[in-house]
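The structure appears right after this line, and notes come after that.
By letter and in written order, the chains are A, B, C and D; residue numbering begins at 1 in each of them.
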Amino acid sequence: MEYIALGTGMLVILAGLWAIMTRKNLIRIIIGFSLFDTGIHLVLVAISYVKGGTAPILDSTVCIQDAAQRIVDPVPQALVLTAIVIGLGVTALMLAFAMKMHKEKGTLDIRSFKDLKW
Amino acid sequence: MISPIHIITIGLGVAFALGFVNKKAKNFSATIMLVAIGLMGAISVAWLTALLQGAETVQIFTAGFKPPYSINLMMGIHEAFLTTLINVAGLLGGLYLLQSLKNAGNHAIMVFLVFIMGLNVIIMTRDAFNLFVFMEVVSIATAGLIILTETGKSIQAGFKYMLATGIIAGILLLGIIFAYYFSGTLNIDSLAEANITTLKGGSVAVLMILVSIILELKPFPANGWALDVYEASNPGISAMLSAASATALYFVLFKVLAIANENWYHILTVAGMLTFIGSNLLGIKQNKARRLLGYSSVGQMGLLMAILGLKPILGDKLEFIAATILVSHYLAKAGLFWLAGIVENDNIKNWSALRRKPILLVLFGTFLFVLIGFPPFPSFYGKWELIMQLSSNQHYYVLALILLGSFLEGIYLFRWLGYAIKMDFETLPELNINWNKIIPPVLFGVLVYVAGYFTSALVPELSALNYIPLLFIAGIYFIDSLPAYIKNTVAIIGMSIYGYQILPPLYENDMLRFIFAAIFIGGGILTLTAGYAYKGKRSGFYPVALLMYAGLAYIIQATNTLEFFFGWELMTAGSYFLIIRGKKSMPHGLSYMLFSIAGAYAILAGFGLSFAGTGTYNLSSLAGISSNITIIFSLLAIGFMTKTASLGLHIWLPGAHAEAESDVSPMVSAILLKAGVFGLLLLIINMGHNTETAQIGYILGWLGALTALVGNLAAAFQEDAKRLLAYSSIAQLGYILFALAMMSHLGLLTAMYYSINHFLYKAILFLTIGAVVMRVGTHMMYKMGGLIKNMPLAFIAVLIGIIALSGVPPLSGFGGKWLLYNAILAKGWYLQGAMVLFSGIIAFLYLFKLIYSVFLGQMKDNLRHVKDISIWFAIPVYILIIGIMIISAKPEWVLQPLGDMISQWYPNAALAWNGGLATGPYGYWNGNGIMITVGIMFVSLATWLWMMSRKAVQVKQFNIVYSAEAPQRPETTHISYNIYAGYNKALGWIVAPKITAFWDTMTEWIHSLAQYVRQLYSGNGQLYAIYVLAYIVVVYFTMIF
Amino acid sequence: MDFELKRLGFTLLGLLIVLNWGLLMGAAMRKIGARVGKRYGIPWFQPWINLVKNYAIRTSLSHGIMFYLGPVFRLSGGIGLFLFMPMIIGSQLWLNYSFQGDLVLIMYFQFFGMLGMALGAGEGGHPYSAIGISRGLSQFTTIELPLTLAIISIAIQYDTLSIIEIVQAQQGGFMNWTVFTNPVATIAAMLSLLGVLSHSPFNLVIAPNENPIGPPTEYHGSFLGVLQTNRAILHVVEAALFMNLFFGGATNWFEFFAKTFLIYFWSVFVGVVFPRFRIEQSVSWFLKVPLVIGVLAVILYM
Amino acid sequence: MKNIFTLMILVAFGIMIYPLVNSFKGNDKLPELGNYYAQPENVTKVNSANLVTAVVVTYRGLDTLGEVSILFLTAAIIAFFLKKQTGKHEVRENSEIFTTAAKVLFPLMIILGVYIFMNGHLTPGGGFQGGAVIASAVILMLLAFPEVPVNQKLLSYMESISGIVFVGLAALGALIGFGYLDNAILPLGTFGKFLSAGAVPIIYSFVGLKVGAELSNILVEFKSVQSNE
């Protein structure tokens, strides 16, 4: 199970990078970036998995004494939460930038934003 | 003591609380922000003080758990120091940005505050993931700050920035996750202990972490986004990014490097050097100020990265080196970006606008010199130590590359400085300066001197350094608004006191140094005397002139290589400013500086190698070098020869000397060039006694001879009087080089005698011609003529000067020729010697041209009423003439002690003195007797002819035998222009400007290369993202192969 | 002190001899030149007539102080060379003041008169003076080069720069003369001598074209007289220098007259055979053949 | 051509990350860190039934603080970046069903959000999740009633108050507890009950409020710059 998640995550990362590097439309690039992020989140989740483990929430089914044997790793799960929020923030900002850029030149083609060079 | 964690409490708490503040109350918000940053700074300063006084490094645990189970922060000396830097930058940067932040509103103020807070946490945290989170905080805050000025360009730059840093952050996160997977921990210290690089996957994880941090430091060529950011954002923000962010990120690399293995040091070194050289190369082509600063900033970070990569060899010196260079970069780059915001004009040619407020120009110059690494700034000591360590460890390639990169940096920085000092600024708009924009750069300007002072205190080799001259110079600077004559008097008094203090002990102990000190200080006082002829304030003249003299004095007094180099660089800086003061001196100042820097680097490398060989900085240890003799000797000799302007390294001199002000030309010609001679002399007395250096000496001998030939020939073809004298100086220094290269008693004696003589007559000639030029308003000799009638004082001075120079008996020059003949014959350098003697005869051509074209022949109508030279020029000139007369009549007074002195190193074989009669290995010479004989004869003949022709009628100017015609115009009758056309036809090919052409071609190539390489930065943000990824991949494949 | 006075007396006497010998030799050469050119030529006493006439001219014009000092420099240069040159070896009294300096002094004192003359003529303000001087200086630099090399060669050969010692080393038969012991250096030096004495083909400096040219253009009367006096002295002294260096010197006045005449004759001989060079031609010429010979002379002794 | 180059880089990148996949063996048991957190004595020190919450709010609470700062920054930047936008935005009339449903759903969603973050220490969920749900409620209303003005001042006050409380509680940990973000400054309560885990539920509630307010703010800003030109 975790192998599939990891493999998928990696493939999504590559797909995201491909979009970032080849698409010309700003929005598509941002989508690529989101994909890239999502792939990383998948990888995080895959890594947190412990074979046969369950969610790290202690309740009637998982009691406090045998928690260590039964739960998956809570750490990457905490990390992925943080990572998602960060990704959200960055994506939101990028979209805001894209909006402004579109407003300036009336296009979303990244090749037309070369005012700064050399 | 407040826990450092409350930096976060204050930063975030205040940022959140600002949400309550009314949107209109912007002043209030801004004040609160500054107070908050101030408090954060106060915490770091308090910790820094405590830690410096010996307090223990503290770990700050969160959530009541110990690491690695919870996130911990650390406050040690590094962290305290760096957070102090960041908070100071934040405070001043916030002050600087006050208007912009207020315009953008409360939200921008919050962002700025969080930005500074984030940088603090980045430095303190010891947890990898926490590091990532706060790097993202900073990164997002940066993206926000970039668009503080909402221009289209800044938005584009912001997007490129987000795209690139987004990818970098993703890679970093991946690396951290896998590092966690392989090690089971997120704490950096535990990660380091886990040593996961041994695993195949683990090494990739480490690579991802490290390479992303490297990428955050903007390595060439994956840094297009960063350059755009530097260019497009508000300069106040660029200052923050360059000073504060880069500092924090650099420390991150330092911190995280613990998890890496040895290979990474090489990667860092290579990446760093590539960046350092690449960015500085591209900077050469750049004309936009802020982008140029971006290149420089990126380059400096590259250097720092490379320094980190050199950790294994730098050992415990790493911290000193990195800290000094980092602090210098921090202060200078922030200051420069702030100035960029004040100037507002992005074209570096328009930075002459700084001259509207001279304090800004001073700051600008200070910051540039800090970047290049001149004393007394911290970077000087850092670079010195770096070079010493590199050469002790035989890392010659890195050493050479660092020097190359620094040189490239020097090219564009000094071109820029030249523009600022020389370009026209009248047409530029007034600067619009607010108090809050001027305080930060001024404060940093002061801080950089303070930092330099404290750094020097850390260097034991400089403990003997006397700071009084430097303080005196600073004092002169502060009275710069007084009239010139007051400052002149103060300067002369200061130099006299200094001379009175250092000369007598030198006379007792060290004749060699005494002679040079006497030339430097005595000459300095005399040339300064001429300064009374100038009216007005002469702003900026006295500090730089005294700086040059202080440097020269330091060179004399140096006992170790560091002190010597310290003085050498001060002297270079001072003389550069003196030279560039001339009206058309901009290009000459630049080429002078570039040759000087290159020469200084050669010296630095030479000293480094000598330190590697002997393990000591002691100057006298040069004598004890047993390995690498050839290369050390050559490097040092080349370095010194850039100052003596030997052939090939001379192209800066003619313009620099000719275009300088009238009293500056003698300073830089008669006096400054002797610094190179002193260096060569030191080199030869210490290292001359072995076969390897003797071989180099042979080459130097030929070089000296060729220099003499080409210099004199070129002088003969000049039309500009000062340029003629400048070429003459090149040739004279060629003689001195030739004589020194003989490495024999007579050779050294000749060189010393020539040095003294050259000082005397070249000072006379340059002072007099300079004074004449001040009267007639042109350098061109063919525009003068017949001035003997108006300027008898000047004529007599020049006459004596040229007789002394030419070597015609009975004046002092002949002694030099006689010594030279004997030295040549004793050494057996016949052919070179003949060439030198031939050059000496060519000197007559230009000497005649000089005195004839200016003082004799036909007077021009527009010059009929000029007055004789200023009395303030005449006084030093006639004092110097007395000097010439004394050593002409009594050469033994000078030569005998000189001979005794040289005997310490090169025993006297054959020269004996009997009163005024010198008996050498080949001949004999009685200067005193010749003087009397010639004097009596001349006076009797003059009287006799006077008796016969006393009734001679004084005729008018045009009353000459002229084919039965009367010439009407002096211009057509005064034969001066291209007077040696025939000679030029026969021998002109020797002085065809091949060497200038060579250097021009080199320049052209460098520019073309830079132009070619910089097309990497196409401006397409996507391409930059590709570069980022490609960079990672390339590093990976380099690692595995 | 007694000896000093005696030396001064002998020196002045020597000067007188040299002056008259120079005037006579000059006349003889003019005569020879004229006869070769199928002309009658001047009477042998013409130089004395010229001198007396020039010194006697009462009207006199001056262009300024340097104009007046020029001839003084020139004559001081000539007389100074005479003073520092040993004339007759074997007698302390005919050595003049050569104890004050060696060959180097002679080499550089040649410039004393030239420089002063150049300046004096320069103040005259005549363009042809300046042209003549520039040509003269240009040519002189290259003339000196082979001579310098030759002097270095013989300095190596005799291990001294003292003229007296060089002459003494050549005593004891003509085979000891430098011309035989060091012929290459001698050739180089003798080629230089052609230039030093400014005869054709190296006389562009004072070449009489349709207009007068050269430094003396503006000089007349007593000024010109001084220059003519100097010319006579200088030619003899230069010849004496070559005699001392290459032809064994002179132990008595007869030998002195004979040798200086022959040395002087050499330049006249060449002068009447070859036409005049332009300035760049003469510069190039001296930097070709005589230079190569001079270098060879040094290399042979290295 | 350029794409081939890009593809090569991507392939090379793939080759580079392959060792990561290759050496991934999954986890047979909890790694050391997770194991530590799962030990009963440690669980009771935080006393939060949801271990992820325990990690997020206490052990790695500083990350959360950073995370909150990031959202805060994003909101602030978008606020000053997208301000001053004028221009009319023509909106289509929404259907009756949509507007009615929105009215019904809005309070329910808010309550759900609040529930999620208040029980963050017991059940799956927490401040971010709850905040996101609240923001979804807001977006629903924005879509349903585009003309109705949103009280941004209220949102921003909410944001500030929550932020200050969070930072304040964190600092309080350092002042009276055993370290920054120490949750034991309040009674730990009974494990598994609502009133447990000390300051965690309070912190998480305010995080939830803050996230909700910030996300809503961002959405409002984005909406406000919609214009037709």
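The rule is simple: contacts are C-beta pairs under 8 Å (C-beta built on N, C-alpha and C of every residue); 3 or more make two chains touch, one makes a residue touch a chain.
Note that the coordinates shown come from a computational prediction; the quantities given were computed from them, not determined experimentally.
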* Asked: Which chain pair is joined by more contacting C-beta pairs, A-D or B-C?
  -> B-C
* To do: Sort the other chains by how far their Cα centres are from that of chain C and give me the top one.
  => D
* Length of the line joining the C-alpha centres of chain B and chain C, rounded to whole Å -> 54
* Structure fact -> dist(centroid_CA(chain A), centroid_CA(chain D)) in Å evaluates to 15
* Asked: So, what's the distance in Å between the C-alpha centres of chain D and chain C?
  -> 107
* Report, in whole Å, the distance between the mean C-alpha point of chain B and the mean C-alpha point of chain D. => 55
* If you look at chain B, which of its residues touch at least two other chains? -> 129, 133, 136, 140, 143-144, 147, 150, 174, 178, 180-181, 186, 1026, 1029
* Quick one: which residues in chain A touch 2 or more of the other chains? => 13, 17, 21, 47, 75, 79, 82, 86, 89-90, 93, 100
* Asked: Which of the chains are touching one another, listed as pairs?
  -> A-B, A-D, B-C, B-D
* **chain C-facing residues of chain B, complex** => 786, 788-789, 795, 799, 802-803, 806-809, 814, 817-818, 821-822, 824-825, 828, 830-831, 833-834, 837-838, 841-842, 844-845, 847-849, 851-852, 856-858, 922-926, 929-930, 933-934, 937-938, 941-942, 945-946, 948-949, 951-955, 957-963, 967, 973-976, 979-980, 982-983, 985-987
* In the complex, go through chain A and note every residue touching chain D. => 2-3, 6-7, 10, 13-14, 17-18, 21-22, 46-47, 49-51, 53, 55-59, 64-65, 67-69, 71-75, 77-79, 81-82, 84-86, 88-90, 92-93, 95-96, 99-100
* Asked: Where on chain C is chain B touching in the complex?
  -> 55, 58-66, 68-69, 71-73, 75-76, 79-80, 83-84, 97, 99-105, 108-109, 111-112, 114-115, 118-119, 122-127, 130-131, 133-135, 137-138, 140-141, 144-145, 148-149, 152-153, 155-156, 159-162, 211-212, 217-218, 221-223, 226, 278-280, 283-284, 287, 294-295, 298-299, 301-302
* Enumerate the contact residues on chain B facing chain A in the complex. => 129, 133, 136, 140, 143-144, 147, 150, 152-153, 155-159, 162-163, 166-167, 169-170, 173-174, 177-178, 180-181, 186, 224, 227-228, 231-232, 282, 285-286, 291, 1014-1015, 1017-1022, 1025-1026, 1029
* In the complex formed with chain A, which residues of chain D make contact? -> 3, 6-7, 9-10, 13-14, 17, 20-21, 24, 26-31, 33-35, 37-40, 43-44, 49-52, 54-56, 59-60, 63-64, 66-67, 70-71, 73-74, 77-78, 81-82, 122-124, 126, 128, 191-192, 211, 218, 222, 225
